[in-house]
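Once you scroll down, you'll see the structures, which are given as structure tokens.
You will see chain A twice below: alongside chain B first, and alongside chain C after that.
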Partner chain A sequence: MGILIDEAPVTIAARPRTGRRRRQGWRARLSPWLFLAPALLAIGVFKFWPTVWGAYLSFFNVRPYLGNLWLGTANFTRALADPDLRSAVLHTGIDTVTALCLSMLIGFGLALLLEGPAQHLRFLRTAVFLPVVTAMVVVAELWGTLLFPGQYGSVNGLLGDVGLGPYPFLSSPHSALASVIAIQVWKSAPYDMLIFVAGLAGIDRELYEAAAIDGASAWQRLRTITLPGLRPITTIVLTLGVIRGLRVFTEIYVLTSGGPAGSTQTVITYAYSAGVQSNDLGYASAIATMLLVVTVVVTCLLRWWRNRVEAR
Partner chain B sequence: MKLSSTIAAVLAVLAGATIVTGCASTPSSSSSSASSSDKGPLSVWIRGNADSEKAYQDIFAAFTKKTGIKVTTFATLTDFETKVNAAAAGHTLPDVVVDDAAQLGAFRAEGVLQQVNRNSIAGGNDLTDLAWTSAKGSDGNYYAVPFSAQANILLVRTDWLNKTGDTKPTTWADLLNVAKSFTTGDPDGDGKADTYGVAVPGSTSRGYISWYWSTFLWEAGGDYFHAAGNGKYTETIDSPQAVTAARWFENLFCTDKVVQPGALNDVTTDSNKAFDTGVAGLYLTGPYAYATMDATSIDNKYTAIAPPAGPKNASTLAEGTDVYLMAGSKHTSAAQQLAEYMITPSAQKLGMTAVPSATIVRLSINRTVNTAAVHDNDPRWVLAQQVYQQQGHYEPDYMPNWPVFRQDTSNALNAMVANCADPTAALHALGAQFTTLLRQQGVLAG
Partner chain C sequence: MSYSGTALGLRMPRGVTARRVVRVLLFALVVVIFVGPFWTLVATAFSGADFKLGQVAVWPSRPTLNNLGQAWQLGVGRGLLNSVIVVVVALTLQLTVSTLAAYALARKRFRGAGIVLLVIMATLMMPEEIIAIPTYLVLGKIANPFTDGSLINSYGGLILPLVGWALPIYVLTGFMKTIPVQLEEAARIDGAGDISIFFRIILPLCGPALGTCAVFGFLMIWDQYLLPLLVAQTPDLYTLNLVVTSLQNSQELTEGVRLAAALVLLIPSVLVYLLLQRFFTRGLLAGALK
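So, the complex of A and B:
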């Protein structure tokens, strides 16, 4: 941008022109930012500022009316020693990794099956994609009803017809997390599918044709053409999946509130419970801040990995 | 060159900010004419839904007619206390807040309440002592004016009792027998083993499981704390009585299996559903459930009875709604007048009848008002009134932060029941947590 200024001839006669150009340059530079300003301001006020403010509050015993009390790093040391938070972190980790891997695998499989311009494929893709556009609260409520642990539950009713169950699903500490993960996969796999479909469409068809002429099997084509071609897309799916997993809240809050026996407690549900239900906003902020740091670090690592892979 | 684009960005954002702040700085404080402080207007925040707000507005309209003090209302059920916190942080608290008595300790610890002189409240002598307990802080002073009260009663499916040939339970042993009959005796006659004895909201959300269990704790002769004097306490949550209550509760799930499936994730809307759709036939809940249940297919198929007595007594969980006079109000006198009006017999009756779907006054805290008579002497309300007056026992709302104790108790009970774990060990661990919390809240004795 600054090249405009550098290239202006430095003569007295040219000065007015330079000024105008400079003004034009300023205007040219300012106008996109002016257009962006309302959005930037909204994001700043409603996203960045609360994040910064939350990080600030995590050093205090938050007392909105009487004034906050400085605690130093006490909230953080407490968090690091909190066994309930540790188990919430473990659940979040299990949830993130399992849900991510399963929805990627299923999403990829669906994409291979449903990629293509044919009319019926479009229809099928839309049908498969429906869970994504349904609100998570609705999805959770529906699955809560479907998975009701008695004979009234539709799933248990069907299983009962073939002599199985009834299974407790969400009501046992041994199966609740798995059930919640399954629901997440049901909702997120089609989303991953859509991204993979876009990635598949970007792979040059001629490569497949050439490989087919050379006698490559379907598996060889998948391994040597499709998978390498999807590498950048995979990083995006991974990044989105990790972020989705780390901040999992709605489905758990609606279905189990972190129970039974804390078996589905995740970092966000734990922070919510500490902040809103136990009135401990400072501690909740500390947990949220630590989660933010972890999310940023993981995202940066993924980006670094992507750059390395793509540079090859 | 990079610098110039950065400056441009900053300028743009500043320009935007100016526009926004310009919009925001419309004259908003012009109405703060201090001279008319006694004539309000009062801003009142209510934890309740739209129907409840309408009922309150009816009471406030009568108040405005009588005193000329105008009242504006804001009502929500969603994160109400968080919104109060936000208002507190901005020092823009309303003049009056109407919320659960359970918030008293927390509000007090946050410094957002004005102390109330019980003797200077006009009509305060007409309120029952029990109701005033719900407005008392751990220091013995009062921090609210009680507005409504209730105590848990037991709803029982009468058609199921007839089918199984059981009688209404009056003791824990009876309760268990009926619960077993309901679970195994196919009371709905559909030939399937799809009915259960007891509906329990066993979720940790909002502390439901502990809230429900409190009745059993008191019936076993236990309590959460022992008052050591001077506003200091020790925990008694791992006492033998508490262990008895926990073991009895756990057996319902683990040994006798008489609780509706999935109870440990259920909040009250789910347990209401379990009762009104014929999944479970016994439900310990508040009298506000009458209106809910009467609107379903089990209308006339259930009755309300006093909670069956435990090993020590028949105490039952009492709860209430309090009127809180908020700190920093410019209209303290008008706010007190409103609270005084809300406890008058006419306002109390309005609260029971103005909006049928929202009985914001469940049981009147005013002893000159006969709640049952207002409900056409419905025997269920007669019972609710009796149970509250004779057996009502409030949670320790006076603690500086009671909700955190309730949450910890809920987590412990939910985990204990889910794993069918040893109650003694579970409550012992909870007791240690309680001691830490008491110390953190500055009320630990010794």
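So, the complex of A and C:
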């Protein structure tokens, strides 16, 4: 995990004289732990305890007030055979990959269009970034209204002006997932844009000039200078996008609750409905635990790949 | 010849108007797509006209504050109060806890520092939504010191799970490492202890990094949905997010009222972003750890 913190602190504050140091030895040893204690307590209780507790409960039929019933691996075998969960996994996969790719492409396009120190570009970047800082609930309410299926829906009205539609968007099982993905991309592409802008700013401008003198076309410059220069930052955008996709919940719950006909059910919305609506907390814990394992594995793989790219 | 450089190093002679027109058109398109929806939200929220379901205003027709007033009576006021309580307390705790931890990680050499770092960074692989249901079960096991019950359906349950977050710890640790050690050495020779060094020397210099962490922490807390959905079980504890989505279910409400409620939820985050924008980019790249 080399990229996390660059290196262990090499410099230590002051070097007290040896005598004083021996006298205060235990205090000096204790002091860092006192500073760390609150953070470790918060993380331990609300991150690690739930993780471990969830994994443990995966082996039970959780019955509040009645006592939990040991099930062995029944929750897991049930999950593997559950067709609803399988389609939720499929939707999560489609959602993650499609939203990730589109958001990177559009974010990159926006970065090329809006990169630069000029005042009007900075203003435009600030404006375009608004969806990112907006709470997902607002985004969902707003687009739920704009994508209203009838001909009075605003987007349908605009499309009607050019002779298209009306489309059902979120209300049809055929287009609901695509609509959700489009909304996610609207919110995440500007984020990717800003990371790409930071990456573009780091590319040496003289390379472009040299290439231009050598007569390289715009496409050649993009392929041989811009894209290789952006490779480290692209790995960051990818990692962010994958985790964003695996944890998706709010927009789906608010917009469609997994419907229509289960067509937008993702792993977390499914775990939520199993745990809260069907009151099967053991099964929900098993699903959450498996998703967590997938997340950890994918993150580690991406990190390994990122270290390789950065080492190059 | 004069040039205007662009991202790709494409250099355009000033005289070529066709390309500039294309660029301006693209700018307009981008603004319509990414800012236009917000504009319709504001216009509809302040419109007194009767809209058909799904219809929005492009310009406020018959401007009015009635929508806002109606939304306020339907729980938006209480929701806003709850959200502000949660964000103020949670953010204060988050920043305090993170600054203390970062000081130890950046400035102390001690046995186990590597493992502590690994443990903190490992939480980045545990997104809140994924561990939300187990978190809810854990909250149910922790006794609430102020009532007979557990942390479920209490402010504590809404706030405490948000306190430990790796991002600010990481940002602050990186920043504190850049503060010259000489400052600290001088104070130590004068006999200052860890605590006074932390408060008198390190903390005052951490302003910019704290700004970054405050923006990101605010947005993260303001965006919480699944946690309050599980924890808040009576309307008096609903955060604004929950109030706004609960209005969705009342069919008789007009678009204007629902979007007015969404507007109340939108404004604080936009204000925080615009006011603290200069702190944003630093955290953006650190946020890439997530």
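Operating definition for what follows: the second predicted complex is superposed on the first by the 271 of 312 C-alpha atoms of A that agree within 3 Å, B and C clash if a C-alpha of one lies under 4 Å from a C-alpha of the other, contacts with A are read in each partner's own complex, and residues count from 1 in each chain.
The rule is short, and it goes like this: a contact is a pair of C-beta atoms (placed from the backbone, for glycine too) under 8 Å apart; a residue touches a chain by one contact, two chains touch by 3 or more.
All figures in this text were calculated on a predicted structure; none of them were measured in a lab.
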item	value
Which of chain B and chain C A:Thr295 touches, first, second, both or neither	second
Partner chain in contact with A:Ser278 - chain B first, chain C second, else both or neither	first
Touching partner for A:Ser263 - first (chain B), second (chain C), both, neither	first
First, second, both or neither for A:Val185, with chain B first and chain C second	neither
Partner chain in contact with A:Leu71 - chain B first, chain C second, else both or neither	neither
Contacts of A:Gly150 with chain B and chain C, given as first, second, both or neither	both
Which of chain B and chain C A:Glu115 touches, first, second, both or neither	second
First (chain B), second (chain C), both or neither touched by A:Leu36	both
First (chain B), second (chain C), both or neither touched by A:Pro166	first
More chain A residues in contact [chain B versus chain C]	C
Overlap of the chain B and chain C footprints on chain A, listed as residue numbers	1, 5, 29, 33, 36, 38, 40-41, 44, 148-150, 152, 276, 281
Chain B residues touching chain A - in the complex, by the definition given at the top	1-2, 4-5, 8-9, 11-13, 15-17, 20, 79, 81-82, 85-86, 88-89, 91, 93, 106, 109-112, 192-194, 196, 202-207, 260-265, 267, 279, 327, 401, 403-404, 407, 411, 414-415, 417-419
Interface residues, chain C side, partner chain A - complex	5-11, 23, 26-27, 30-31, 33-35, 37-38, 40-41, 44, 52-56, 93, 96-98, 100-101, 103-110, 113-114, 116-121, 123-135, 137-138, 142, 160-161, 163-164, 166, 169-170, 173-174, 177, 181, 184-185, 188-189, 194, 197-198, 219, 222-223, 225-226, 229-230, 241, 244-245, 248, 255, 258-259, 262, 265-266, 269-270, 272-274, 277, 281, 284-285, 287-290
Complex contact set, residues of chain A against chain B	1-3, 5, 26, 29-30, 33-34, 36-38, 40-41, 44, 63-66, 84, 148-152, 166, 168, 170-173, 176, 255-263, 273, 276-281
Residue ranges of chain A touching chain C (in the complex, touch as defined)	1, 4-6, 8-9, 11-14, 16, 29, 31-33, 35-36, 38-51, 53-54, 57, 62, 110-116, 124, 126-131, 133-138, 140-146, 148-150, 152-154, 186, 190-191, 194-195, 198, 200, 205, 207-209, 211-212, 218, 221-222, 225-226, 236-237, 239-240, 243, 246-250, 253-254, 268, 271-272, 275-276, 281, 284-285, 288, 291-292, 295-296, 299-300
